[in-house]
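Working notes, structure below.
Here the chain labels run A, B, C and D in written order, and each chain numbers its own residues starting at 1.
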Amino acid sequence: MNFASDNTAPVAPGVMDALVAANSGASTAYGADDESDRARQRLCEIFDADCAVYLLASGTAANSLGLAAATPPHGALLCSDVAHIHLDECGAPEFFTGGAKCQALPALSGKLVPGVLQAHLTERPLLGPHRSPYKVLSLTQGTEAGTVYTVSELQALSAAAREHQLMVHMDGARFANAVVASGASPADLTWRAGVDMLSFGGTKNGCMAAEALIVFNRDLEGDIDYLRKRAGHLWSKGRYLGAQLNGYLRDSYWLTLAAHANAMAKRLSEGLRTIPGVKLIYPTEINEVFVSMPQTLVTELQLAGASFYPWVCPGLPPSAGAYRLITSWNTHEKEVDQFLAIAHSVTE
Amino acid sequence: MNFASDNTAPVAPGVMDALVAANSGASTAYGADDESDRARQRLCEIFDADCAVYLLASGTAANSLGLAAATPPHGALLCSDVAHIHLDECGAPEFFTGGAKCQALPALSGKLVPGVLQAHLTERPLLGPHRSPYKVLSLTQGTEAGTVYTVSELQALSAAAREHQLMVHMDGARFANAVVASGASPADLTWRAGVDMLSFGGTKNGCMAAEALIVFNRDLEGDIDYLRKRAGHLWSKGRYLGAQLNGYLRDSYWLTLAAHANAMAKRLSEGLRTIPGVKLIYPTEINEVFVSMPQTLVTELQLAGASFYPWVCPGLPPSAGAYRLITSWNTHEKEVDQFLAIAHSVTE
Amino acid sequence: MNFASDNTAPVAPGVMDALVAANSGASTAYGADDESDRARQRLCEIFDADCAVYLLASGTAANSLGLAAATPPHGALLCSDVAHIHLDECGAPEFFTGGAKCQALPALSGKLVPGVLQAHLTERPLLGPHRSPYKVLSLTQGTEAGTVYTVSELQALSAAAREHQLMVHMDGARFANAVVASGASPADLTWRAGVDMLSFGGTKNGCMAAEALIVFNRDLEGDIDYLRKRAGHLWSKGRYLGAQLNGYLRDSYWLTLAAHANAMAKRLSEGLRTIPGVKLIYPTEINEVFVSMPQTLVTELQLAGASFYPWVCPGLPPSAGAYRLITSWNTHEKEVDQFLAIAHSVTE
Amino acid sequence: MNFASDNTAPVAPGVMDALVAANSGASTAYGADDESDRARQRLCEIFDADCAVYLLASGTAANSLGLAAATPPHGALLCSDVAHIHLDECGAPEFFTGGAKCQALPALSGKLVPGVLQAHLTERPLLGPHRSPYKVLSLTQGTEAGTVYTVSELQALSAAAREHQLMVHMDGARFANAVVASGASPADLTWRAGVDMLSFGGTKNGCMAAEALIVFNRDLEGDIDYLRKRAGHLWSKGRYLGAQLNGYLRDSYWLTLAAHANAMAKRLSEGLRTIPGVKLIYPTEINEVFVSMPQTLVTELQLAGASFYPWVCPGLPPSAGAYRLITSWNTHEKEVDQFLAIAHSVTE
């Protein structure tokens, strides 16, 4: 009953097989190999775009490289107050950008609200060089609250950003889950909705360590190549990043994996909402479930071997007893059912 | 009727005289001169402390050098949501610290509230290296809203900071005004209340370009000397920073200048509150007056030659018509009275 | 006949097997897993030291994280004029350290000379904060010229460093090759010779992407955990870094792999030196061969499918026709012999 | 007999008078004042160019802001091995640029040699993102060795730079001295010779703290405004920077001051070369004299109250007894003659 993180799951078999298959003979170093080429092309197909693709092993690196390409050091980033880039990357955006300012806006169920963004952007006229000018809006899809932006929400947010000359970055650590949940195409969820760049996640959803920074707005490519090297993120044996993604993206494997994780979360969420004393904090749209639970229940679950984290949800007091439960491609139905059975037995 | 900024005022005569008097003969470069020595000693006397003093020409530099000494690049700074360091220094703290994260808390009349700070600091337990750990609390005294922290407020805030291992920095761009307003001693307003370092302002209150970073907590001195040089803030002809401060601090000149500025603001504030349609937004405790005024009044005042800025006050809608009026050591009573007379005539 | 780089080789079977074996069940994220624990312990055993070990996927990251722990932003690094950190990491040390200055000294066959270092360090007395103080000496073992420092050379260099308060960093991208070549123990080549930290390479010698920053001088650990995260180098599925190293270090697998690579280079080097017109530039002590070859020979070799890079060797004019040939754990004796046979046939 | 530094001299009377004259009434803050406007216009006239001018209080700031505008963080700077930016600014270029790499080439009497530069630039072809690409050439005029580049030397150097897409920065801390020495016009010594930006010095030659970054190549202006603020170098009372420069540049005051300093150095240099045991190290072209002197002479001079620094000159051993003697606008003929008289008496 491991609901601590999708990062605790192993590598999905289709990805591991691809790694093993790629492991013979010499191959050009530093990403100039066939596996990497194929992965980049495959992503262009999936996104129906002639985009620039940078293969990486870490989502933090993908986010930060992208943000650094989108703002000068004196610029400011806007994101939600639960954004991973703001709360959980130890200041990586500040590091990679050379000290850009990260500013968080209040989110509703993890999602930025177009009206709030619009108001914030128009509130303070810039007077000369005193204030850090906003340069990037960063959205997370699926969000850190387990929700998903609709295409029209994305359009409204990116339109507001565009009006004030902000680039739009999307943190897609759980992008696959969002695609499955929304039913929209990768293109509709990104560049067609005004997104300039996407951190396309693979690791949480079945890769070993594979992500891609996908730059739709080719004006922003400039120095990414150099910064990737300079940050130590250019793999010498690049083929093994390419191979992971080729395994991950073959047929619809990535979506199959995400669909399973989403289904497990839905099952968990629907089970939990019927339990007295348990309240769902956000709607469960992807593979994350946020609930408030009584301490007695939590204790029993943990004693039974379930793992999950207490969580801080903006607006809820610490006394609310909020918890985050995450499912993955590898979550078994039985784990979910066992968890629910214990919960039922405790609260009856 | 210039109420735009205390930076529009000229150099006070006692400071300019000191500059002229210092201008003869050779003098050791880079701050190792007699004028600088005397200024540093004088500040130690005024603060009744064996503190380390760094002479600087810019308040932004003083703030940022201090903050850089108090946090590693991966740390986070806490300040109020109207803090100059957060809103008006173009990301200087991020630049000098190597990318520390600046996080703003809601302020009440420009002042951080101990309970809010305490709640914020205890809310999220740090789990490993994912979140930027808080390293510094920065307070502004007198605040950007024209108010003044009492000694007991400072004690409560610094106690909360200390409990969580944060250093306390004070932005004292208008410290002289706060000393006059509070009646408390410089020592009571700083190190005796738990402040580790102070950006002691001179420029706004009558100097040409002279500030001092005063470090009470000598553990924090480490690299300031190097970073000052590295940031281009070590004057080669250092005697002219020392001379300004020696003129400024002689007898109680600095307090006399501030007392005048405060009195002019009080006069303006008290006059304005009697005018129909004008509302005081924050209490006027130093040399800054924040009011909401009807647009017709604003137009008439500007036509008559008055200068002042519209202002964004957190919590007030743009439609509130908020304005900031600043007085200085050089504000003439007649300017204030003329301004009030116009206001009266317009609104009658 | 791929002599372009040891990075073109695949993953050694013992490492890939370990990855596959590690791939089941849930495992704590972010390096707090059993595989990672075992890898860290194994390295402590190998180095006979209670050292701090940070698992990483990139040698550039290992070098830069280590250097950042050893110098403040205003410090300076000393290294050789062929150092990888200086020439081939796109300024990664400058990036991670927050702008420390990288200064190169002339090397002899890739090795810094104690007398040259000593002279440089004593030449310019530091006068206050004007000059970046030297904080770290970085040595590469085996060097970028295919040579190996003896234990006594390391002792002399680190003694000079220590005398001037410099920390000693070792770039061990090819450390395994140096251990094999020197016959000295890992401990004798590092902390017993005064080395404070080592970038222990795995990738070039058979891993997929696995290195370790090993910190012998525990005073230097401070912020590495945070900077690793902040730089995007903390793997969420950390077990796969641990597993690689566990496969690599099991029994003496890592030394067996390196011994083979060294032997292939020796075979190549000894073969080449008998060929008219070919000159060995540096002694071949590890898995790198530097030769000057006539252009006609180069052309023939390339036409036959051999790959290798032209090289710039300090002191040699471009007209010298210098080339670098690299062998790896996966170089086949037949490749070497075929290369030599072509060379013989061309030059006869 | 103060020959320690031109920074030990006081402010020239024409500059101090301008400061006093500017000291009345209100004036717009942050450089949007009349004095600043006039200074910027005056510099455009003097350089016969429609250039962008940024007023600053520090030469280190002028250099570093300019360099930051000319290179991305991953770029490299080329300069001479005695360059002030490399040796004497505590890594300011690295700080302002976000970690660009500073690389020094051997200089001849303080001057870079076109052939050496050309060879260095062509030596290593860039292979992808591994090496920091050269982005700026920085020249000092007059040099740190007291010499002056001729117009044709500047043209040759900037042509080599241009061929490899490098921008050309000039550190003109002693630019006035170089103009006087060369007889060439400010325009001929800068943009007409291919210089993109100049740090125009005022402080050493009679100002209190006033420099200007002059950008001839307007493509490079981009973010300077923001970085100046962010680095704490935008004066709030900007009129006092403008006033200094207006006093300095009025009529040919700046050149008169420099001519005097140069003449005093020439007098000193010519006197010293006739003294047995004293050797001139570099030709004396501006206000700096470099000599090797016997220790007995040095001791006698110091006992008589003369101040000057021992110096490290590349290529000379520490035993050479090298010293730097600097004259200024305020050096008196009598000081020089007294110095020479003592020298004569000691060595006779």
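The rule is simple: a residue touches a chain if its C-beta (ideal position, glycine included) is under 8 Å from a C-beta of that chain, and two chains touch if they have at least 3 such contacts.
Since this is a predicted model, take the numbers as computed values, not measurements.
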Given chain A and chain B, the chains that contact each of them: C, D
Greatest separation from chain C - chain, by CA centre: B
Distance between the centres, which are taken as Cα means, of chain C and chain A, whole angstrom: 35
Mean-CA-position distance for chain D and chain C (Å): 41
Chain A and chain D: spacing of chain centres that average the CA atoms, whole Å: 51
For chain B, residues contacting two or more additional chains: 30, 73-74, 89-91, 95, 98, 129-130, 226, 229-230, 234
Residues of chain D that touch chain B when the two form their complex: 2, 4-5, 7-11, 16, 19-20, 22-30, 56-62, 64, 89-92, 95-96, 203-204, 208-209, 226, 229-237, 240, 330
Contact set on chain B toward chain C in their complex: 30, 72-74, 98, 128-130, 133, 223, 225-230, 234
Chain D - residues contacting chain C, complex: 73-74, 76, 87-91, 94-95, 97-102, 123-124, 129-132, 312, 318
